[in-house]
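Once you scroll down, you'll see the structures, which are given as structure tokens.
Paired with chain B in one complex and with chain C in the other, chain A is shared by the two complexes that follow.
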Partner chain A sequence: MSIDHTYHLVICGSVVPDPLQSLEPVVTQGKPGLKNELMLPMVLDPFVNHSLNEAAKLREATKDTQVHLVAVGPKAKLQQLMMVLAQKTAFNLVAVDAPAGGFIDSHTVAAALAEAIKAIPGLDLQKTLVFGGWSSASRASGTTLQLVGEKLGITEQFFGVDRLTPAADGGFTVLERVEAGQHLETQVAGAPAVIGWATGELPELPNNPKIGMMNMAKIMPAIGKAKAVDLASAGFSVVDTALPAEKRQTRVVKDMPAAAVAAEIKEWIASGKAG
Partner chain B sequence: MESILVIIDAEEDKPLSGQALETLGAAAALSAIVKKEISVGLVGSGDLSKVATALAGAAAKAFTFSDAALKDPGYARDAFAAAKLVKASGAAWVLAPASSRWSRALPGAAERCGGKVDTHITSFEEKGGKAAAGRWYYRQRIFGKILREQGPWFMTIETGSFPKAAVGVGAAPAVTPVAEALPASRSKVLGLRSLSGGKQTIKPDAELLLVAGAGWTKTQKDGVKHAKEAEGLILAFLEKYGASLGSSKAATDLAAEGGEALTFMTQLHQVGQTGASPRHAKGLATCCFGEEPHVVGWRFINERRAIDLNANCGWAQGKADVLYVADVFEVFKELAK
Partner chain C sequence: MSDTSVERQSMEVDIACVGFGPAMGGFLTHLSRGLKAAEASGPIQSPTMPGAPPTVICYEKAEDLALGVSGVETEAKAIKSSFPDFDPASVPMTTWIKKEKTVYLMDPWGASRRPLLVRLADPILRLLGKKHSFTLPVNPPFLHKKGGIITALGQFNQWVAGQLMAEGAVQIWPSMAVEDLLLEKDAVTGVRLADQGVDKEGKPAEGFMPGMDIKAKLTVVGDGPIGSIGRKLNEKLGMPEGRHLWEWAVGMKFVVSLPDDCPLEEGTVIHTIGFPEPEIFGFFYVMPNKMASMGIFVPSWMQTPVRTSYRYLQYWMQHPYLWQYVKGGKVSSFGAKSLLESGIEGEPHLVGDGFARIGEGSGTTNILTNSGVDEAWASGRLLADAVLELLKSGQPFTRENLDKTYVASRRRSAIEKGTRKARHSRDGFRRGFLPGMVGMALAGFTGGLLYVPSREKAPHDMLIDLERYYRDRIPAAELRAMEAECLQKGGTLWEKILPRLGWPEVVFDGALLISHQDALLLGGKVQAVHGYRDHVLFDDPAACEACRTKSCVEICSGQAIARVEGRPVPAFDREKCVHCGACIWGCARGGRGDLAIDSNIAFLGVPGGLHSAEN
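The block that comes next holds the complex of A and B.
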């Protein structure tokens, strides 16, 4: 399907620690962070990754749609990330050099993102769809995109999105996750809008070295130009960061006949129930 | 006057959700620290003054924003209405349930009121005479407490974190309707959809969560796969024990790829790092190794048991209370009796 319509796609997203890493909170110079934070392997925030897949699909389905990735994160980590990401799909990178982490206020991150978006040459906000993950794997607050949208004057916003279906006139429908495994379907007249993606429906984009080479020629200068921004937030602090103490004493039951296991489980399910 | 405003979606003649009452409970906990009065802000359709009256004892004042277009959730309309209620009430703290509706719209309302927002709050405590709000970071791996000096401070309250407020005793709150027209909208709600083909297997209110992992559709000891039988056993279990269904990422991915898989699994079932962190009193993991990216989604499951063939799986490492090293097919046939 091809649609004769152009969107300006802006993806907001940055790095998070690889989910397979163990994390330990530390306080350095009065600020909360993670032990060996700069040494931890980082990946693109998983829900942002989904939004990148969806952006690539939407670009293919439409005409002249361009994709901009706006990333606020430590320059060195962004550079490492780009080695992988550049091979996925064509995009322009706008990098902002700043810390990335769960204990940073989403208000300052949103302000940095909004400033960077406004400065993208040729971007028409009236045609813009701001993409991103509906919540990060670090702060997991699900607030940054709303704040970015409001700062850009975009009031149509959708979160936990698993599907966006464009129509010929530039309008589209979205499916947002709601309670009890259901989705809410909404029809939108068109851009501008903010779309916070959940998992979406697309497989991981394959690596394409040709796109990688093309991208990297633009990405390296973009990283070189990355402006350093201070994300400190007045009057905001996260304190007493700690790992949960909980570790269970697991009772491992072996060689019990299936009927006896089932009887124990039935008893457990029934226990503590009212009536 | 500075107060605590609790924003709730409401409909005439409909009882408030448990989540709404818990948020009022959270307001009571916050009020005990900051010593301020509690008001409610009702957003919805129909005559909301009746709903306000039913909140006697839990709030001193009520502000209502009623419009037929607010029956369904929608960011633009909800953020607008919530911001108007906050301005009318002059609140310094604004709480709302961490439901899909308010998780979306409350941050927008905060920005419109020049406020600050934090989400998924699970506790309040006093720190140096101020209220600190507790929440999880890094997908339930690290706990921390937030202090903010600038307000109004908007927060969504995580379910299952605070006791429900008692309502219907004492004086009814004084009701102030906020009469404003909603702005012209560029979006229209079409309705609810179910991508899993109709069968409702996710039940947030269930006492028990059953997690089905990828092992259910792997080659079994007789050398073949038994996906159809697995589906039958799982659905029978859900029915018989009123359980909600969750899955591991591996099981969800298999379903998305087609082939030998549990066909009713969707991404919404996935529990863990990139999935949900559901809240249930009990959880039973089956055919799921219990790797860390999966188990972080179990933070809010109190009692945990697992069935797996592998005595050295993740659940054995202090992640479950009991691990049954057993063949799930045999156990589930017994459980179906």
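The block that comes next holds the complex of A and C.
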């Protein structure tokens, strides 16, 4: 399907320490951070990763749609990350050079992202769909994308989205997760809108060396030009940092009747150990 | 292995590089500098696109450029000559070497399988007042790395890659595996990338994208000792006469956060010998910020098929001499890799029409000084100089031209001098631990003139039957019963044999002593990218069926190869594979007869490896 309509797609995606690593919060010189933060492998926030797949699909389905990736992170880490992402799909990078440890006020991050978006040459906000993650692996409060939308004046916001289907008139249908495993389908007249993606339904994009080479010609200069942003915000401080308490206790029991499992869970909840 | 009938995209570049490690780091660093330097005096032109600068692309199968999982102690002569102002503080986990010592570890549990003379040494040392260890009064001079550095190879690789990418003269693409060579008669004309969107058997599935053909004037192969492209070249060309790839070791290590009261100074290097088995050597490098890289080498000349590197690593770590330093600390990362220990004996055909080889897979490791990273870097630099010379003079990358330039400079180089001296230094180990130590000392002190000779043997020929190996410790009938139980119920032989020999139970404490599977997840993750085929294949099921000991299962660094109840062919789980490649040379059967590494296991080029925070 090819639709004669153009969107301006902006993906907000920060670099985060790979959440599969053992991340240990520490306070150094009065500031919170992660132990050995500089050594930790960084990835595109996994909650954002899917946005890239969706943006690639939407571009294919529409006419002249361009994709911009606005990424916050330390320059060196952005560069490493782009070597992988650049092979996925064509995009213009807008790099914001700032820490990525995750102990930053989401209002401040949202302000930096909104400023970077407004500064994208040729971007028409009325045609813009802001993509991002429903949540974040950066220990943020999960509110950043919503705040970006507010700062851009975009009031149509959808979170936990699994599917976006464009229509010929520039409108689109959004399938949004709601409680109890159900979806809410919404018909939207058109851009602008903020789309916070859940996991979606698309497979991972393959790595394509040709796309990578084309992308890198634009990406390296973009990283070189990345504006250093001080994300410290007045009145915001981290009082304490700690690893989440371990909640999981795995026990393998075979052939246990469902009633006995339920009784044990009931007893566990009643004991208050469930927290 | 890729389907030849599928229509593929192709792309032309000038230089295609396979694998990003220290050798490729050296090559790309000096090539990039040379290309940049020439811009002022008249740019070097691309042979494929005259008028444009040469296109140089490096493909690395790991998801990032920190695949190296080695704690490294190196003189770093070549690296320092490339970076005269090198400051270790600019690379995480890196520092100058300050102290080096070699320590003999006595056997605290009496479980080690020591030859008689070594067994006698322990009580004599105890009579002399030594409780658990004996520090050699002099560290052998050939082991010294004076003025060198301790580093984590993954961190070093990332540092090098960052600089290269910032310069922009070359491109490095991680998470992109090379599956095959492109050949026209005897010339290498490029590489084929791995198919994506396939199932575990390699059949097209959702999102199928055939691997692209990258046509190149020169293919630089630096994919390490077990790299699939290096091994394909060996298969195609064979090894030069008298050369072989028969000496190996698996190096396995932990990165440990040392306790605050650990007295060891940053920059301390400790080599250990004698324990947990005499054949197993150990290393302990003290890095900045109270971190240490500590591990063991399990060699292919260790004759038992029961080579569990992980459990031996835990025994070694618990030796009282080492435990005093780490007690109260915490393991933060784990890794393993194969080391090609044939040195110059394992030097393959270095060049041919359209290709050149660098690094460990090209026989650069000095097996006497235990040094490989710096030599690998130096080999890359030599190739870069040769390539620049040929590009500037407009000469093609033929065997003859690469011979005249790269190979000639390798022959004149310090790598060649060092590896020639080291050539037979480890031969004695094929006769056993003591002849090996004597041979190494002789070679070390005479510059390689004297050594203990022995007959060369393929790795699987070094393995001996369990009954013979444990003949004085466990009755043959009992061993056979253990084997039968493993065949029926799965599991490993080491789990049964080591406790029977007196090795204590490892009591997990969640800090220093953790399960093997926890180690894979702690501080890292195994990359098993979706959409690629399985990379470990058992070529001939009949050979597996006939194999009693399943040494591939015993040696596997990630428990990725496992016996399955009632099945003669082991199962492979790529979610656990750290891509160390020990299964290739650790295969007890051999299989393909005339190849450089005679193995029943095929190890294909697929993205993956251990992705670790501190490697």
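Rule of thumb we're sticking to: the second predicted complex is superposed on the first by the 242 of 275 C-alpha atoms of A that agree within 3 Å, B and C clash if a C-alpha of one lies under 4 Å from a C-alpha of the other, contacts with A are read in each partner's own complex, and residues count from 1 in each chain.
Simple rule for what comes next: a residue touches a chain if its C-beta (ideal position, glycine included) is under 8 Å from a C-beta of that chain, and two chains touch if they have at least 3 such contacts.
All of these numbers come straight from a predicted model, not from anything done at the bench.
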Chain B or chain C: which reaches more residues on chain A?
B
Tell me the contact category for A:20 with respect to chain B and chain C: first, second, both or neither.
both
Touch check for A:137: first (chain B), second (chain C), both, or neither?
first
For A:41 in the superposed arrangement: first (chain B), second (chain C), both or neither?
second
A:259 contacts which: chain B (first), chain C (second), both, neither?
first
Let me test your reading of the model: by the given contact rule, A:87 touches which partner, first (chain B), second (chain C), both or neither?
second
Touched partner set for A:173, first chain B, second chain C, both or neither:
first
Using the touch definition from the top, say if A:159 reaches chain B (first), chain C (second), both or neither.
first
Quick check for you: in the superposed arrangement, does A:123 touch first (chain B), second (chain C), both or neither?
neither
Of the two partner chains, chain B (first) and chain C (second), which one does A:251 touch, if any: first, second, both, or neither?
first
Which positions of chain A sit in both the chain B and the chain C interface?
20, 22
Which residues of chain C touch chain A once you look at their complex with the stated criterion?
9, 11, 57, 59, 63-66, 92-93, 155, 158, 161-162, 165-166, 168, 171-176, 193, 196-197, 206-207, 209, 212, 214, 289, 332, 521-525, 530-531, 611-614
Using the touch definition up top, name the residues of chain A that touch chain B in the complex.
17, 19-20, 22-23, 25, 32, 46-47, 102-103, 105-107, 137-143, 146-147, 149-151, 155-160, 162, 173, 175-190, 198-199, 201, 234-244, 247-256, 258-259, 261-266, 268-269, 272-273
Chain B - residues contacting chain A, complex:
72-76, 79-80, 99-101, 103-105, 107-108, 110-112, 116-120, 127, 132, 136-139, 141-150, 183, 185-196, 200-204, 207-208, 241, 256, 266-270, 273-274, 281-282, 284, 292-293, 299, 303-305, 307, 311, 315-327, 330-335, 337
Along chain A, where are the residues that touch chain C in the complex?
18, 20-22, 36, 38-41, 76, 79-80, 83-84, 87, 203-204, 206-210, 212-213, 216, 220
